[in-house]
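Input: structures, listed below.
Each of the next two complexes has chain A plus one other chain: chain B in the first, chain C in the second.
And now, the complex of A and B:
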């Protein structure tokens, strides 16, 4: 599949594309071509200009953006088109799908109408015919009971179904090119795998050419035949995917590959001597009231009889998709959620029964780092103040000494001293997450809970944060509870792992073992969904992709 | 059908609200200064006469029995007798209701089209010349007191130019339109800026919404995007605001109706208050409260019709 057919003129030819916002050039002299039937990947971190490039191709940028260069689709320069000609091409010759399907669907219109709209607009068919075709398309993209579902509204769809509906709307007019801007980033891994499968199948069956934008090299390697690597608005490397991955020429590409979760082991496996039990969770259940009916309605069980144990000095991973209850567990341990049954014991003491002085002591021993680095820091405090706050609040030191300790902590998480008086919004996501770590460590906790702390970060930043975490753990003999949706990260970091599904533990064991020989069908699905780079230069990649697609 | 479920649920809630309203209006009269029996009998009545009136009207019964009687009367449509006009309050309200309703609908018709037009104009280029002018003129319209504007307009258009009558309700539909034009315009002048600011802000927020980008990527023209995607998504907050304003106008048309001598509920309210016509005040309070509840219900149903997520 998707081998460029040489000799044919390219479908899309981007030459010296430069996009600037005011004086700032977000994309600089980017050139690439796309052959008919080919899938091209564009990889880069946030801010690398990959999305801007594709939006410039579609001319979707705001009025403040200036695009120069040429973008030729079948020889026609898109940058020179008038509004009317542009509308005739958008959705007709080029379809586009986006990162967050939930916000890209109009919440007020039925799915069927939204899928039918581009066809009614471009193909001159009637509403009834459009709806009939929309139902057919929904069926094609794998939505069950398409006739019924076409009458649903977006909020009645799950994330994966919304993305399928977006794909259906994008391919309705049988475009020549589909631009997919991070199409699976907002989705769970198993859903991601199915959406990628669907895209591959579309490419194979209809010869639809695609540009896939992703920050995830694993995803790109899974589906693309060629890849463009971008950084700071420039193309640093491009070529066939197996060349780029196995023989990267640019240092940045190498870093990107190195940072892939699962490529790297963080070497924390070195403490197999089982310490004594620190935290025990016994038959824990948490229920939330659901629905707002007058008579209470039925309640939702976020956690259902969970048992787990964490020993001193251990790194324990918790893996599961969104809604599996892993964050609820973390919040229950630090008493942000009240259990409806079962108990949590720290050193044998029931956490739920703590009060007063004992509770304060417990809070010092157990600290948490949160998922969103920006939201979890007070925007009005400088980062040094944010780190110092827990120290003086707990009466460990006066404010002045706390400030000095904060400086030491910031240094420990490798933040330069020049940043100490900045506010969170002046920092990058990775820097903020370091602040979050420093703040959590300020009280010298025994147990650190890390809830998806890298999921909002780029892969290279993620790798740095994980390295930092491992170093801190070794230095301070921390016990770590690491929560993530990413099995690859967990397995490279943790000694033991618990797999959560729908509020229950479906599998537990030594991390490497769970990853290599999963026993539960759900874990098998999780492992199978991992879009990973081939580990070494063993598999010629184009061939590997081809077998995958059949 | 979720929409029907919503209506059923809201109607159920409505009965509770109505019960509360009737209790409050009932207590209102009892907390008012003065004894209704003395008011009826006159200042110089003997103690026996007052006692006789008290027992005749049931005023000597315990409060809860009086409330039950009041409720029973409410159900049969009897909300008392006007002391001044010696006519049933319900008749009075029905007579004075139409000018107020006409005025309210008139104001809505006058206010909504310019609101939409101005909001679009302002939102097209936020901070641009048009936007600034609209905002400045809007603030001016908001700050001018309605009574002053009313007096000025009736002097200019009514007295000096003689284009519009300065008082009354007129006869027939055209007559109503003619007579109520100045009052409606004076009200619309402060209503339009409020609604415009709300709609403009919502429109600006929606111009950068992801689904607008998606619609553009699917080849929709700017006109289609505006009417089919942006406006329906932006209109809900303004619709809710309009509901509040309309409810307020029905109960709060006092100034405009007094200035232009419109024989509406506001005028009736003022006269009843000045004349201590307690049962009329009670009846009007009830009507205002019920109309507010009904308008809120109507707005909620409209919102649910526009936005399926509201039905949850």
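And now, the complex of A and C:
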């Protein structure tokens, strides 16, 4: 992290940038500067205009957008340039990496060719020379066996490796500025930590200036020296990272900091070990047939001998990265998957053997809230209909009474009555997730499973949903199984956690303990990857985080 | 089930008709009105032969001229619309209903039934559509009823495939998972959650399929396998007039134009319905 030196002319000078789509101003009078060698963070929620700002800098906006103001790179106004001059600058002077590396790599071309392409185009070097340099770049961004990997196709790369390849392609022409738009949002936390480490290292070694766009203040605080906080298209605050985080001047910045997972403990409801056992998972295995090859594919074991127990009134967390089997567990509990071995028992009764009336009774006791706020609601039903449906379908009340109950439930999840006749597409993600909660609670369940319910939401919305969840849990004495990839969220919410890796439980225990003194190396890596704000207590790492992709 | 979700969905969207839809509706209702009013409007008996007046060009007496046996082309075009419109409905509805049901069930439940139906799909699409219909009509014998039967036997496959593909994506969505988790019955899930979200493309396809059926009807009439002479049918009329197209272009031209306008009407309606269904989720 290099501090900006005063007196030097800025590398990038954005003055009074306004971007409007039709009559709607997505970005209003945004000004900031970037010194050579500096890493600047732009933080804000979705719709705050942070991505639009950077696309305006790159002039990547659609035809309907109008940009006003000045964007000067080394004194040259980018907004005034013609298309041809722009093409010469894009990729050569400014590199850009995006949120979803998979959609920015051509699946039909080898990685090496794609990394070499901008160099061949901008630096006028030959194909052979380009490929040689591409191999060198892949090595620089921490890809093992770069010669071999350069001949691979994108589908042979993991998410983290694709993002590394994108970075390699972006820095090939030795740009002056790298714009990274949510570069780690689609990645698992441990991979995220390694990619951020790589960006830091690039900055340290080559003095490459960067703009890092993120919704995650923790990520920005980790690698940026200065930060710009945006909201509704306006800059609400900017300054050195320490000042902004420790002495936030704007109310929104304070809210953003407050909402950081792990900043706030939601307090344990009752102490663990009290209450009797409600749900027991015994030696559960789930196998999926994988690959339907001619010789009969080998099967994929999503869960492998998992033992787990949830007591009445407890909040239990499950943490793991994508593919660790945590969602498979949730789906097995609600009988959307058939286990290949082991048993799930609710009050000692085998869930897998339930049928007819007993199954209906089970459905009323155990409910689930799903991950994707929009996908989990039928797009053709109004939210009041969606919430009322379980009530009348289970014969608890007639349809008219069910509608009244649905209104009460919507009120309980703090949705204004004026929204009741809207369809999911007319609501925000956070509002949809509230509807999902209300629908799950309509049958007055005892156990509620929440599968990544906040992972698609902004941090401030996430904090609100978590608060709501805790309040509902108290009011309705719910037992909660909270599944997340985010250790910080889980530990602030849950009393006990289980850490999943590759279908097995690698660590379990009291939440605070797992977070403060992780025993398993994987948990340690997970704890180490938490991008946290500098003021929170730091935990000494017993193991460094590798900067190489695996 | 008491609710009829499809209707409930389409009813409010009637207020948002696009200009293309309006054109389509005007054309289709226009033909419907003409077909119903044919006996009143038609100046002559469509089957009345007038040897003295054969192959006469369009004139005040015969707006569209007369054919090779002196029948009034205008009256015949009007009367033929009754057969062609009926053909469109009768040729589309049975495969639509059968195919949609099969596609819905096999896509949702998968398993053996799905596999069996998949093989039948494969078998059916292995033959060109017309060849198969032709073969079946050949076995059953010519005539409109057999033609519709053959169309149903072959046509349901397209609906089943389309529906199945829709259902396969919808069944994985979280709202279906949630519905299962909430303990809704399969009938409730299929009728209330899957069908309304899957039916849009099927309806749009059905309308464009009506065009295909009409053209098939015309072609089969042309080959003498569909509507039987002397019944007026656009395809039959074109077929009959073909030999005289050098001297009397009007025998072929007017039924052809009629077929094109009806086809266009259906195609535009299909477009419009597809659009409305897509917007249905957002309104």
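Everything that follows uses one rule, which is that the second predicted complex is superposed on the first by the 529 of 550 C-alpha atoms of A that agree within 3 Å, B and C clash if a C-alpha of one lies under 4 Å from a C-alpha of the other, contacts with A are read in each partner's own complex, and residues count from 1 in each chain.
Methods note: a contact is a pair of C-beta atoms (placed from the backbone, for glycine too) under 8 Å apart; a residue touches a chain by one contact, two chains touch by 3 or more.
Since the model is a prediction, treat every value here as computed from it, not as a measurement.
K.L.:
Aligned on chain A, chain B and chain C: do they clash or fit?
P.N.:
On the shared chain A, the partners fit.
K.L.:
Applying the document's definition of touch, where does A:416 land relative to chain B and chain C: first, second, both, or neither?
P.N.:
A:416 sits against neither chain B nor chain C.
K.L.:
Where does A:23 make contact in the superposed view: on chain B (first), on chain C (second), on both, or on neither?
P.N.:
In the superposed model, A:23 contacts neither chain B nor chain C.
K.L.:
Would you check which partner chain A:82 touches, where first means chain B only, second means chain C only, and both and neither mean what they say?
P.N.:
After superposition on chain A, A:82 lies in contact with neither partner.
K.L.:
With the two complexes superposed on chain A, say which partner A:425 touches: chain B (first), chain C (second), both, or neither.
P.N.:
So A:425 only meets chain C here.
K.L.:
With both complexes superposed on chain A, which partner does A:106 reach: first (chain B), second (chain C), both or neither?
P.N.:
first
K.L.:
Look at A:169 in the shared chain and tell me whether it touches chain B only, chain C only, both, or neither; answer first, second, both or neither.
P.N.:
A:169 contacts chain B only, not chain C.
K.L.:
Kindly classify A:58 by the partners it touches after superposition: chain B alone (first), chain C alone (second), both, or neither?
P.N.:
The answer is first: A:58 touches chain B but not chain C.
K.L.:
Give me the angle at the C-alpha centre of chain A between the C-alpha centres of chain B and chain C, rounded to the nearest 10 degrees.
P.N.:
30
K.L.:
Tell me which partner A:124 touches in the superposition: chain B (first), chain C (second), both or neither.
P.N.:
neither
K.L.:
Taking the superposed arrangement, what is the smallest distance in Å from a C-alpha atom of chain B to one of chain C?
P.N.:
Here the least C-alpha separation of chain B and chain C stands at 6 Å.
K.L.:
Both chain B and chain C contact which residues of chain A?
P.N.:
none
K.L.:
Provide the residue numbers of chain A that touch chain C in the complex, in ascending order.
P.N.:
So the residues of chain A touching chain C come out as 331, 334, 336, 359-360, 363-364, 367-368, 370-372, 375-380, 389-390, 393-394, 423, 425-426, 436, 439-440, 443.
K.L.:
Could you pull out which chain A residues touch chain B in their complex?
P.N.:
Chain A residues touching chain B: 58, 60, 62, 83-84, 87-92, 95-96, 98, 100, 103-108, 117-118, 121-122, 153, 155, 166, 169-170.
K.L.:
Can you tell me which positions in chain B touch chain A when the two form their complex?
P.N.:
Where chain B meets chain A, its residues are 208-211, 213-222, 224, 229, 232-233, 306-309, 312.
K.L.:
Give every residue of chain C touching chain A within the complex, in rising order.
P.N.:
5, 9, 173-175, 177-185, 188, 192-193, 196-197, 280-283
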